[in-house]
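What follows is chain A paired twice: with chain B in the first complex and chain C in the second.
After this line comes the complex of A and B, so read on.
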């Protein structure tokens, strides 16, 4: 059931992405982009990463794409903007796309999916067959908040230290992954885990994400102010006539 | 027998019946179908009723009678008659339009409005998708509605529509900021984004409702209400439609069923934001009279089907409160003059956003200042513990956070769970 739905969403994502590339009308491209990003959000929801899914919807679908269409509407010269690609551009884009794929495929295959699944099923998120726990649906925000303050529940699993370390690496690269781990703690916390947690979090106490997060947001604010400064209507300074 | 809707989830209940011929995925699919049918009812029915109510209320405000003939005395079948009439009309698309996007735009609007209902708790525990970040997802989904409007405006191939769409985009992108900021204020008070938990925290006397929690939440409710008016394109912010200068704005070129879909989406979204305001600020499904609430809870625990009955009563209270808010929206629309687009933007960017930021800071600092001055975190009678320190359902065991006693998280989670929770 889950894998069927996952396939549907994944295919819809890919199909809509193809639509973005192949359609020549800018507004239609934006629409296909919305479909594609929305399906990615659906994939996040299916993977129990509800916070990331919601963020995806709010920021990309609700924010970025609307601004994109807004920009198209404001800047369009004709009624419907179309983009026709030159053959050379298509070759360039194809080469870049294939290069990206060549990076992504080794990345995906290098992850120890079986080991991760065992960790997750041990933590109670997934059943050993790989299906998600129904009860584990939708409980990640508290863990994300705790992680911002430096309490990482996903690193408390002492049963598989090597896998936990590996999970740590992946967590930095891939947020979604961390959520699944966070779920494990929520859905199923067993005795003996508190010990491990105390040890882990002593070392981790200082590694809250709040400060980096704030720095990024201040950075974005600076960028915004700078952009509006650059884009503002320039008034010519009156030359003193003498 | 377990009452159906009092089961923790419908899926579990169907599972527990042990129906042998159901396949493994049967319970999930059945539960989903039931949820969808219920939600469609709550999506379509209030929308139809509010369209009728709008016509009646506007007529009364303008000293007219409004619909009187269809369906007996008050013309209460007028919406249905209009729907049938609109179904029969020709489905036109202008020759200049981008036909594919033009046909698609109404569906984006209605899907966004409908999806938001999935996260709305209608009564204690009656929500299709119970999520820890329910409020966040609901706002995210609702914000997709603007996309349909913008695409409708752009693809119509008409100047009126294009202007309507552009105004809508500018207005929505700006008003989402105060809307989001004021929606976060009850979250700060409650300490959770789970809409069901937020609703449950407001049990008891009226002062337990988040509007009356402190002066900042009181003001926040009104800012929230204004922002929802704007996000629904309701007058005095109906610049996207702007009947007096843009014909009908983004729906100028639409006819028949697609036109009615836009209206269905708009009225459903009106109901949704009102319901969201009720859950966030106005006590959700609680009456606001403490003994009555206690009595309801005791019925729920004592008698057969009591749980179910109490939730039905809660849902009625909830629907009545939401309907009152919708009526206020209608009242505002037919009372206030419209704003110009620059006035709309000024209202948002120069007034509502700074006010919302100030209220947000205030609601964060208020308990801290009170605790240093008075030694308690709230002025309200009762235990002296502010709402945010009550954690209704601790998802993580408190022991997880005990590693550092000075930690903020430890304080929040380990705080005593008060009274009814």
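After this line comes the complex of A and C, so read on.
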């Protein structure tokens, strides 16, 4: 069932993206773009990313594409105006695109992702272990909101007790190193290992996204002011004939 | 749950990326180039969310994709303002006509 849904969404996404590339009319390109972005939102829902999927539907399909269609409407100089590309350019771009795809797909399929994940978990990187997609707790949106406010509820539970335990072990290792010289070397290596563990858990315990959130909100404000300044009504250089 | 795996999503993301790159390279309409940029950003977003589900990335991938979505909206707003300005000055949206700075 899931692979059937994935096949439908993936084929619709890729086909609509090809439709964006191949169609020459701007309005049809906008329609295929809507189809493609909607199917990408479906893929997000299949990946348990409910908040990102809803945001994709709301902002991309509801906002950005409407903005693009307004751009099409405001810049079309005729009802059936198409600016065609040269066929030679299309052939060149098709060859280059197929070559790029022939690089990317073997790269994607040749990497052993499961093996990498096992190697990382063996090296001490903590797995979030699916805590962010608990179905009964309102999905991911609550955790994402907390992370945007600077609190990582999905990683605090996992890393806080283990860090305390590691500090305790570190102290024990120092104690051993001071008292018993026979086991000093072993304890030293153990302490180094603990130090690496502490570093990993420090980098793993991300401190939320409060600063990027602030930066991106100020950036959005600046961009909107700049856009309204750029697009303000001005005299045209030469008046159109109509 | 793991029946599809990571590679399927990454291949879809690669196809979206390549379509966006071709769209950016071949379209002469400025709005078409913007649509190509949107396709590229969506391919990257799909990769982010797929990695956040299937690897250790966790919630970070989803938050990165949210930032990408917001930045794409901002970029679309500014690029449309520039396109409107270009249309006001040149009475067309054909980017090959933007040769004023050519030496």
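The rule is simple: the second predicted complex is superposed on the first by the 125 of 242 C-alpha atoms of A that agree within 3 Å, B and C clash if a C-alpha of one lies under 4 Å from a C-alpha of the other, contacts with A are read in each partner's own complex, and residues count from 1 in each chain.
Here, a residue touches a chain if its C-beta (ideal position, glycine included) is under 8 Å from a C-beta of that chain, and two chains touch if they have at least 3 such contacts.
Fair warning: this is a prediction, and the values are worked out from it, not measured in the lab.
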Which superposed partner A:12 touches (first chain B, second chain C, both, neither): neither
Touched partner set for A:28, first chain B, second chain C, both or neither: first
Touching partner for A:149 - first (chain B), second (chain C), both, neither: first
Contacts of A:44 with chain B and chain C, given as first, second, both or neither: second
Which superposed partner A:70 touches (first chain B, second chain C, both, neither): both
Partner chain in contact with A:57 - chain B first, chain C second, else both or neither: first
Chain B versus chain C as contact partner of A:36, first or second or both or neither: second
Chain touching more of chain A, residue-wise (chain B, chain C): C
Partner chain in contact with A:216 - chain B first, chain C second, else both or neither: second
Residues on chain A lying within both footprints (that of chain B and that of chain C): 51, 55, 63, 65, 67, 70, 72, 74, 140, 143
Interface residues, chain B side, partner chain A - complex: 9, 11, 24-25, 28, 96, 98, 100-101, 104, 129-134, 136-137, 139-141, 143-144, 146-147, 150-151, 153-155, 157, 162, 165-166, 169-170, 172-173, 176, 192-193, 395-397, 399-401, 403-404, 407-409
Complex interface listing, chain C residues touching chain A: 1, 3-12, 14-23, 25-32, 34-36, 38-39, 42, 45-46, 49-50, 52-56, 58-60, 62-63, 65-67, 69-78, 80-85, 87-89, 91-94
Contact set on chain A toward chain B in their complex: 1, 25, 27-28, 31, 34, 38, 50-51, 53-55, 57-58, 61-63, 65-67, 69-70, 72-74, 79-80, 134, 137-143, 145-146, 149, 151, 153, 156, 185-186, 189, 194, 197-198, 201-202, 205
Touching residues (chain side chain A, partner chain C) in the complex: 2-3, 6, 10, 13-14, 17-18, 20-21, 26, 29-30, 33, 36-37, 40, 43-44, 46-49, 51-52, 55-56, 59-60, 63-65, 67-68, 70-72, 74-75, 77, 83-85, 89-90, 93-94, 96-97, 100-101, 104-105, 108-109, 113, 116-117, 120-121, 125-128, 132-133, 140, 143-144, 147-148, 152, 154-155, 206, 209, 212, 216, 219-220, 223-224, 226-231, 234, 236-238, 240
